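Structures for review follow.
The same chain A turns up in both complexes below, where it pairs with chain B and then with chain C.
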Partner chain A sequence: MNMDKPLLKVEGLSKTFGGLQAVQDVSMVLYQGEILGIIGPNGSGKTTLVNLITGFIKPDKGSVKFRGRDIAGWPPHKIADLGIVRTFQNMRPYYSLEAYRNLIVPLNSPRAKRMGMGRWGERDTVALDILEEIGFERDSFVPYKKASALPTGYLKRLELARCLALKPEVIIADELFSGLSASEIASLVPLIEKLQGGGITFIMVEHRLRELFSLANRVIALDFGTKICEGSPKEVMANPRVRQAYLGPGGSD
Partner chain B sequence: MEIIVYGIVNSVSLALMALGFTLVYGISRLPNFAHGAFYILAGYLAWVGIRSLNMGYIVSVLLTIFVVGILGMAMYRFFLIRVRGMPISEIIASYAMGLFILEALRWKGLKGMTFTLPVIYPGTIFLFDVPVDYQRLLVVAIGAGIVAGLWLFTKFTRLGLALRGIAQDEQAAMMLGIDSDAMATVATGLGSALAAVAAIVLLPLGNIVVEAGYQVLIFAVAVCIVGGLGSWAGAILASFIIGFAQILTVSYMQSHFQVVVALLAIILTLIAKPSGLFGRQKQLEERV
Partner chain C sequence: MAEVQRRKERLDRGIKVRAESIYAVSSWEETAYLLAPRIILVLGLLLAPLLVQSPYWKRVVTVVCVYGLLGLSFDFLAHFVGLVSLGGALATGVGGYASALANKALGLPVFLSIPLASLAGGVVCTVLLLPCLPLRGVYFAIVTLMYPLVLSRLVEAFNILGGTDGIPGVQGFGGPWAESYIIISALLLCLFGLRRLVNEDLGLILRGVKDNDQAVKASGISVTRYKAIAVFIASTLGCLAGAYLAHLYMWAGLSLFALDFSILPIAATVIGGGGTLVGAVVGSMILVPLSELLREFGTLRIAFYALVLMGFIVVRSEGLMVWAQRKYHQFERWVQI
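Right, the complex of A and B next:
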């Protein structure tokens, strides 16, 4: 990672739902090429933060700067067009379409066309290439199966594959590891490292701390919508406020 | 035999009226309550083209389909876009547009028996001893053609597949860089153009009157609710169910029960299976 190249800069981001302060004055920096982990107990505002950055919901206050340009409040498709794409916590593939055809939606987007991800007629091949890169055996029947028939492990990969179809700069993975077995996660980890090596920057929102800490370069911890701690995985794990947030008061030893 | 032949004709007519409405709702979850108004507007524009401007049948018809499509796009771009995502407001706003169009046409003098569109090919043939005019056969042919065309489009073309993807999960599509407003504009344009096609083949069978606009809207809504909102297969099946039910009431009761049948179908569906025949259950919303 490149500590002197901030790619995404979030400053003073806040969002209230009714009387609930979902995200409160959160600031953070994402450096080019790193994997940034975001952790926090249930309801701590992780997904809301992701939704704010990706334009899913509009912030009440604060700014999100991508390469110096304020993109807070932009519509989602414009943000995706800049190369900031996300996966969904509860996977959202197009269930009635075959796996490779799931990539046709993103491959038809303006960004994919601009980035040269295949012309008319080549897009099926491009889709199969991306799926192969992400672990769908090319000569098997798996890429041709309907998404509704795929097991969770493949659906998670399909979420990533749809992001890759846009040649993204930043992938925001919302609980990519949830619902997967330890061995499935073990097979995803090298894949993410490979993508990072290929120049993609990651924000990973996770509950599976051990796996995340082996991957992430830096970690941010949230609780009740505020940032309580930031640092290397080791530092965050040792932080008493983080332990308290996860284990409750008195569980800090 | 008569019931079967006219049942099919009536069912396909309903499907033609409803397809544009279903298409817009299916792709963009937008209930276009101005659908019936676009239908009548298309009839009026075609009439103006043929009778007042003497532009010839083919030119008038093609121009009408094009203009109504553009008007549909404009309606989304300039009005509905502001209330997007608020279903009640979408219904009220689009219905208001429809009211405006229809009542403006009435004010311009669109009433009575003077406004009719010509049939494409006059004459009648006998099918299984039942007299059917060519225009009704044309209705069935065009209806079948449009259904087949839409099916092939969404099954085999990439744009069609992309639209199907968007229809399944618009938010996910937005996250993948697809502009949902652009897609909704295309959808309302296509839907309005389909309303125009329906008007041009169906209106020669009657008069171009404002009331028919309201009736078409009721039929379209009934077909979509019975079939399951946004489901094309459901809409076609529902057209046949309601279509045959209407013909049966016409044969055994009186002809003015047609609208009653449609409304009754809505009520029965909402009681027995609110999501309709092929309605999909909503996915769990993303946790915030």
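Right, the complex of A and C next:
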């Protein structure tokens, strides 16, 4: 990771739903090439933060700067067009389409066309290539199965594949590991390391702390919508406020 | 006492599986299996005007095709884009008036005024519906239902476009053959064109919008833009039907905004099987002649009509073509579990 190059800079981001302060004055920096982990107990505002950065929810206050340009409040497809793409916690494939045809949709986006991800007539092949990279056996029936017939593990991979079809700069993975078995996670970890090696920057929102801490370069902890600590995985793990947030008062003993 | 439990198992026929791959053209059986349903439909439609004798029934055939087009338009929007429109009459009205104006005011002949009115009408309908595109489900449906009602009242209130008299003296087709075959070929073109479209890249994006518009947004694609494209395609089909009607009756009037054009195609699609496209055509092949046959019952006509509709929906709620395609492609057997 490159500490001189802030790719994404979030400043004073806030969002209230009714009386609930979902995200309160959160600031953070994402450096080019790193994996930034975001942790926090249920309801701490992790997914809301993802939604705010990717434009699915408009912030009340604050700015999100991508390469110096303020993108807060932009519509989601414009933000995705910049190369900031996300996965959804509860997977959102196109259930009535086959796995490889799920990728035809992002491959037809303006960004994918700009980035040379296949012309008309080549997109099926490009889609199969991406699926193979992400762990769909090419010579099997799996890429040709409808998404509705795929198990969770493949659907999570399909979420990542959708991001890759856009040749992303930043992938924001919202609980990619949840609902997966330990062995499935173990097979995803090297894949993410490989993508990071290929120059993609990650924000990973996770509940599975052990797997996240082995991957992440830096970690941010949220509680009740505010940032309570930031640092290397070791520092965050040792922080008493983080322990308290997860285990309740007295949990730090 | 152990209860024997059974369930129905459905398996693809071997010929279906083979015909999906390279073997499709390797034997005449497989080629015939693939082509037979298409040929029956195409030949049936093309021969229909030759088989019926009276001008009255020739006219019924053309009306079947008009409702078939409107049903296609509804089915495409509802099952491939996820926009349920109750305003099919908006397109017939706009298309009909546009074609009448193109013909009378600009002096364009029929073969120019119909395509031109279809495209221009498609644009008008899309612009009118543009503010409703962010709406979903029942909200979109209600707003589209209002459009034809509002437009016909506007024409009446401001006495524009001929007011309640409409625009008479629109050029006709000059004979029953042209009348029949223009609309039959238009219907076949639109049917096979749409079937092609929904499997092309554009169609896949639209199906993506129906399945999961959030994922489409997350893919860097503007959902509104693609919904607008879909509405344009569907409205163009509807306007084509309306333009054809204006020339068929040699008159464009308020009846082009009639509720029939909104509701009947939906009933036809439900009976024929939503999401199959061809179902909309088959449904109108049943409903339109049925409605004519029931004329003898006088005022009871609508009651019998409703009974038949209800019968279809209770017995074949999935739709005729969904059922027929399943029977054609799969065999069923009972297995013990």
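Going forward, the second predicted complex is superposed on the first by the 253 of 253 C-alpha atoms of A that agree within 3 Å, B and C clash if a C-alpha of one lies under 4 Å from a C-alpha of the other, contacts with A are read in each partner's own complex, and residues count from 1 in each chain.
Following the convention adopted for this analysis, contacts are C-beta pairs under 8 Å (C-beta built on N, C-alpha and C of every residue); 3 or more make two chains touch, one makes a residue touch a chain.
Predicted, not measured: the structure shown is a model, and the values here were computed from it.
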Combined model on chain A where chain B meets chain C, clash or fit: clash
Partner chain(s) touched by A:89 [first = chain B, second = chain C, both, neither]: first
Partner chain in contact with A:77 - chain B first, chain C second, else both or neither: both
Touched partner set for A:101, first chain B, second chain C, both or neither: both
Touched partner set for A:48, first chain B, second chain C, both or neither: first
Contacts of A:227 with chain B and chain C, given as first, second, both or neither: neither
Touching partner for A:166 - first (chain B), second (chain C), both, neither: both
First (chain B), second (chain C), both or neither touched by A:112: both
First (chain B), second (chain C), both or neither touched by A:218: neither
Chain B versus chain C as contact partner of A:17, first or second or both or neither: first
Common ground on chain A, meaning residues reached by chain C in one complex and by chain B in the other: 54, 56, 75-77, 80-81, 85-86, 88, 92, 94-97, 101-102, 104-106, 108-112, 120, 123, 162, 165-166
Residues on chain A engaged by chain C in the complex (per definition of touch): 54, 56, 75-78, 80-81, 85-86, 88, 92-97, 101-102, 104-106, 108-112, 120, 123, 162, 165-166
Interfacial residue positions of chain A with respect to chain B in the complex: 17, 22, 47-48, 51, 54, 56, 75-77, 80-81, 85-86, 88-90, 92, 94-97, 101-102, 104-106, 108-112, 120, 123, 162-163, 165-166
Interface residues, chain B side, partner chain A - complex: 158-159, 161-162, 164-166, 168-169, 171-180, 283-284, 286-288
Chain A partner contacts - residues on chain C that touch it in the complex: 201-202, 204-205, 207-208, 210-212, 214-223
